[in-house]
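Shown below is the structure under consideration.
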Amino acid sequence: MIIGLFNDWVVVVLMMIGLYIVIAHGNLIKKIVGLAIFQTSVFILYISMANVEGGSAPILAEGIKQFSNPLPHVLILTAIVVGVATTALGLALVVRIKEAYGSIEEEDIQHLDNKTQDETEIQATEGDQS
Amino acid sequence: MISHLPILQVIVPLMAAPICLLLKRSQLVWLFSLFASAIAFIISVLLLQQVMTSGVISYELGGWEAPWGIEYRIDKLNAFLLLIISAISTVVLIAAQTSIEKEIPKEKHTLFYILYLLSLTGMLGIVSTGDAFNVFVFLEISSLSAYALIALGQDRRALWASYQYLIMGTIGATFILIGIGLMYQMTGTLNMQDLSQRLPEVAQTRTVFTAFAFVIVGVCLKLALFPLHLWLPNAYAYAPSIVTAFFAATATKVAIYLLIRFTFTVFGLSFSFTTLPLQGLFLLLGLTGIFVASSAAIYQNNVKHVFAYSSIAQVGYIIVGLSTSTITGLTATLLHLFNHALMKSAIFLALGAVVYRLGNVQLSSFNGLGRQMPLTMAAIVIGGLSLIGVPLTVGFVSKWYLLTALLEKGWWPVAILILLGSLLAVIYVWRIVEAAYFKKPLADSVPVKEAPLFFLIPIWLLITANIYFGIDTRLSLQVASAAAQSLFGVSP
Amino acid sequence: MDIIINISGALFLLIGSFLCISGGVGLLRFPDFYTRMHAVGVTDTLGAGMILIGLMFYSPDFLTFSKLVIILLLTLLIGPTTSHVLAKAAMHNNLMPKLQQEDNIKETSSSNY
Amino acid sequence: MKDLFAVVMLLGIYSLLSASFFVAMDAVDVAFTEAAVGAGISTLLMLVVITMTGRSEKTTRHKPWLALLVVVFTGGVLIYGTFDMPYFGIADAPIHSHVAPRYINESMKEIGIPNIVTSVLASYRAFDTFGEVVVIFTAGIGVMALLSVGRRPEEDEKTTAINDSMHEEYLVIRIVTKMLIPFILLYALYVQFHGDFGPGGGFQAGVIFAAAIILYTMLFGLTTARKVINQSFIQFIAAAGVLLYGCVGIVSMLNGANFFDYNVLASDPVAGQHLGILLIEWGVGCTVASVMIMIFFNFAGRREMQQNNEKVNNIEGDSL
C-alpha cells in the first residue's frame, strides 16, 4: 500500500506546496514559481501513472517486450509547453506591472489601486453636488 | 467539403491568425478577420441545420477511430453554442476597428486582431471537440489570448486584473487537467463518449469522485460561479470595450457548456446529481450569487463594473436553472445562454460607444447623455430592460421558462427569490437611466455627438435580435429544447 | 582480455565517484565562496571526466563510444569556462575572497552570501 | 528565502531534478523537454525579469491561515482520491489495457516509427500537437503585444563603443561560445530529425536552437544580435511554422481523407505517415524556435528601453 501509492502522495504534497505559495506569497514572481511547482506535480502524477514495472522507454527495439504507456507522455509534452507559455505571459505581465505600479508586491499594488479608487469616488461625489 | 464542416469551423479562424501576422497593415487585418469570422458563422449555421436534420455528426481527425484518435462530436448542444459564439464574434468585430482606435496604440492593432482570432479559435475548439484532453489544450489557447487581450486595456489596473485572471485561470485549468488525469487513470480512455460508457463501472471508486470534484471546481473557476468570481469584475471593467463585449457574451457560456457536457454526458445524470450534493450546492451558490452580485452592482459607480457584476448574477440564474435537472430546467438554461449573450454583447458594445465618445464610463459622466447620444442610450435602456426580464424582450422568455421549470419542480420559494433578484436588477438599471435622462450634464462636460455608424449598426443589430427573439422564440426554443432532450437521452 | 577492461572500467568509475564525493564534501566544508567553487570545479571537470572514461570501457559498440568521447570533450570545454564566468561574476559583485591575515567583519558577512 | 535570484536558481535545479526523475520513470521524451524547456527557457526568462524588477522580496505573508486551510482541504480531497488508484507500476491497470496496446503493437505496422511517443504525438493525436503549437504561437503574440517597443533610430557609433568595452570583459566566454554555437545548432537539427528513432522532436529542437541564439544575444549584445537576426523574419518564421502544420492537414483534406490523415499524402500509407510526421515536426520546430527567440528579444528589448530611460533621466537629473 505505502510503496504502491507513494508517488501519488508525493504529487499531493508538491501540489499543496505549489498552491500554498501561489495563495500566500505576495511577490508576483514567487506566485509564478509556485504555479510552476504546482504544474510540475501534475506532470509527475501523469508519468507515474504511465510507468510499468520492468518496462522500458516507449521506443520499439528488438528484445524489449514490456513498454511504459506512451499516451501520458504525449499529454505531458503538451502540458509542459502550455506551462512555459503561461510562465512567459505571466512574466511579461510582471514586467509591465513593475513599470506601471513601480512595485511587484501584492499589498503595494492593492494599496495603490484603492487610492485611485477613492480619488475617482471623490470626483464623482463632487460632480453630483455641482 | 460538407463532410469536413466540423473541423473547418475551428481551422478557418485558426489559420486566419498567422495569416494576419503576415498581412501587417491593421485595416487589411481587420477586414480579413471579419471575413474569417463571417465564414465561421456561416459554417456554424450549416452545421446547425445538418445536426437538426441528421442528428449527431462524428468526425475522426487523422482517420483514426474514436478512442485512439481525436474525435469531433457535434450534437445539438455544440451546434447551438457554436452558433452563439461565431454570431457574437462577427457582430462585435464590425465595431472593432473604430473602437480600438481610441483605446489601443496604433502598432498593436494587428496583434489585437490576431489574439482576438486565437481566442475565437480556442472557444470554438472547446465547444466542438469530443476529446477530454483536447478541451484542456483549446481552453489554454482561449485563456492565454484572453489574458493578453485584457492586458491591452488603457488603465494600468488592466494589467493587475489580467495577472489575477491568469493566476486563477491557470489554477482552474490545472484542476481540470488533474480531473481528466484521474478519469483517464480509472478508465484508460480520453474520448468523452467512451468515458461515459466506461465510467459507470468504476463510478463508486473514490478516485472518480475526486476527479468529478476537481473538474467541477476547475470549470466553476472558469465560470466565475459565486465564490470563485473574484477575477471577473476587474477583468471585464478595465479590458478594452471590444474585448469585454466579446468575452462577456461568450467566455462564461463556454464554461457553462463544459459544465453541462461533463455533468450530463461524461459523468451521466444519475452520478452527477446523487453522489456529490450538486443539486443543493448549485441552487445555493446560484441564489447567493444572484443576490450578492446584484447588490454589489448597485453600489458601483463605474458602469462597466455594474454590468460585470450583473453578468455574475446572470450566471447565477443559469446555474439555478441547471440545478433543477429537469428537461424544462435545462431548456431554460440553454435559452438563457442564448439570450444573455445577446443582451450583454449589446450593452457592452453600447458602453464601448460611450467610451469612444466620452473616454470614461463613470456614472457621473453619464449625466444628460440621453439627449447627447440618444441611440446608444436607448440601446443600453432596452438591454437593461431585457436584463430585468420585461415582456417583449429576450430576458422575459428565459425568465419565464426558468420560473415554469421551478414551479414544475414545486420549488415556489426559489421562484419568489428569482423574482426578487430581478427587482435588484431594476434598481441598478434605473440608476443608469436616471443619470442619463433626468440629470443635467455636468458644468464642465463638453457636449458629445452620437456614436459613429460603425458602432450603431452592430448595437442595433443585437437590439433588434434582442426584441425579435423575444417575440418569435421558435428558433431558440426549438433548438434549446431539442438539445435538452438529447442530453436527457430522450429522442425528440 | 575483457576482465582487464572490466577492472579498469570499474577503477575509473570508482575514482570518478570518489572525486564527486570529495567535491560534495568540499562544497559543504569550505568556508568561502571561491574555495567552494574550487571544490565544485573538481567535481564538474575531473569527476565527470573520470566517470565518462569509465563508461567508455563498458560501451557496447563504437557508436556509444564515440558519443561518450564527444561528451567528454564537451564537458572539458564547458566545465572550466563556467567556473571562470562564475568567479568573474562574483568578483564583479565585489565579493572579496577571505584572505588569511585580514579577518575583518565586513568580509565574513559578505562571504556567506 | 528573501533573495529571488536564489529562488529562481532553485527552480531551475528543481526542473532539472524532475527531468532526471522522468528519465528514471522511463519517460525519456518528457525528460528531454522538461530539461530543455523547464530548466532552460523558464529559468532564463525569470532571470531576465529579475534584472528588471529587483531581487529582494517582502516576507509579509498574505492571509497565511486561509491559504493553509484551502490547501490542506484540497490536498485532503486528493489523498482521499488516491486510495482507489491502481498501484504504481502494475501492468494490468486500466490505462495499459484499453487504448495503449494498439499504440504499442500496431504503431510499427501503421506508421513505421520506432519512437511510439512521436508516432502518437504526430499522427494518432496530431490535433493535440497542433493545438499546442497554437498555444506557443499565442504566447509569443501575447508577449509581443505586451512588451514590444517601437524601434527608434540606432546611433551606430554608440553601439560599437559598447561592443569594444564588452569585448575585454567577456573575452573568455565569447571565444568559447564562438566555438560552441555551431555545435549547438547542429545538435538542434540532429534532435529535430532524430525524433522518429530516439527521444527528440520538434519542441526540444526548437528550444535548443533558440537557446543557441539567446546565448549569442546575451554575449554579443542585443544590437548586434538584431543585425544578425531581424525581427520581422522571426515573426514570418513563427507564422510560417503554424501555417505549414495546418497546410499538411488541409492537403490531406483536399485528397479526400479526414483532416491530418497522412495516409493519402504519398503513394503508400506508411510513406505518407513518414512524410506527414517529418513535415509537422519541421513546422513545430520552426514555430517553437522563432517564438522562443521572439519572446527573449522582446524581454531584452524592454530591458534595454528601461536602461535607456534611466540613463536619460540621470542625464536630465545631472544637467538640472
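Letters A, B, C and D name the chains as they come in the text, with residue numbers starting at 1 for each one.
Everything below uses one rule, namely that contacts are C-beta pairs under 8 Å (C-beta built on N, C-alpha and C of every residue); 3 or more make two chains touch, one makes a residue touch a chain.
All values derive from a computational prediction rather than experimental measurement.
Set side by side, the interfaces C-D and A-D show unequal numbers of C-beta pairs in contact, with more at A-D. For this pair, chain C with chain D, the centres built from the Cα atoms lie 29 Å apart.
The distance from the centre of chain A to the centre of chain D, each centre being the mean of the chain's C-alpha atoms, comes to 16 Å.
Mean C-alpha positions place chain A and chain C at a centre distance of 34 Å. Mean C-alpha positions place chain B and chain C at a centre distance of 58 Å. Across the assembly, chain D contributes residues 78, 82-83, 85, 93, 95-96, 99-100, 103, 125, 128, 131-132, 135, 138-139, 142, 146 that each touch 2 or more other chains. Those residues of chain A in touch with two or more other chains are numbered 15, 19, 49, 71-72, 75, 78, 82, 85-86, 89, 93-94, 96. Among all residues of chain B, those that touch two or more other chains are 133, 137, 140, 144, 147-148, 151, 178, 184-185, 190. Chains that are in contact with each other form these pairs: A-B, A-D, B-D, C-D.
Residues 3-9, 11-13, 15-16, 19-20, 23-27, 29-30, 32-33, 36-37, 40, 43-44, 47-53, 55-61, 66-78, 80-89, 91-96, 98-99, 104-107 of chain A are the ones that touch chain D when the two sit in their complex. If you check the complex, the residues on chain B that touch chain A are 133, 136-137, 140, 144, 147-148, 151, 156-157, 159-160, 162-163, 166-167, 170-171, 174, 177-178, 181, 184-185, 190, 301-302, 362-365, 367, 442-443. Chain D contributes residues 77-78, 80-86, 93-100, 102-103, 123-128, 131-132, 134-135, 137-139, 141-142, 144-146, 148, 150, 235-236, 238-240, 242-243, 246, 249-250, 253, 257-263 to its touches with chain B in the complex. Residues 4, 7, 11, 14-15, 17-19, 21-22, 59-64, 67-70, 107-108, 111-112, 114-115, 118, 121, 125, 131, 133-134, 137-138, 140-141, 144-145, 147-148, 151-152, 178, 182, 184-190, 198, 202, 205-207, 209-211, 213-214 of chain B touch chain D in their complex. Residues 172-173, 176, 179-180, 183 of chain D are the ones touching chain C in the complex.
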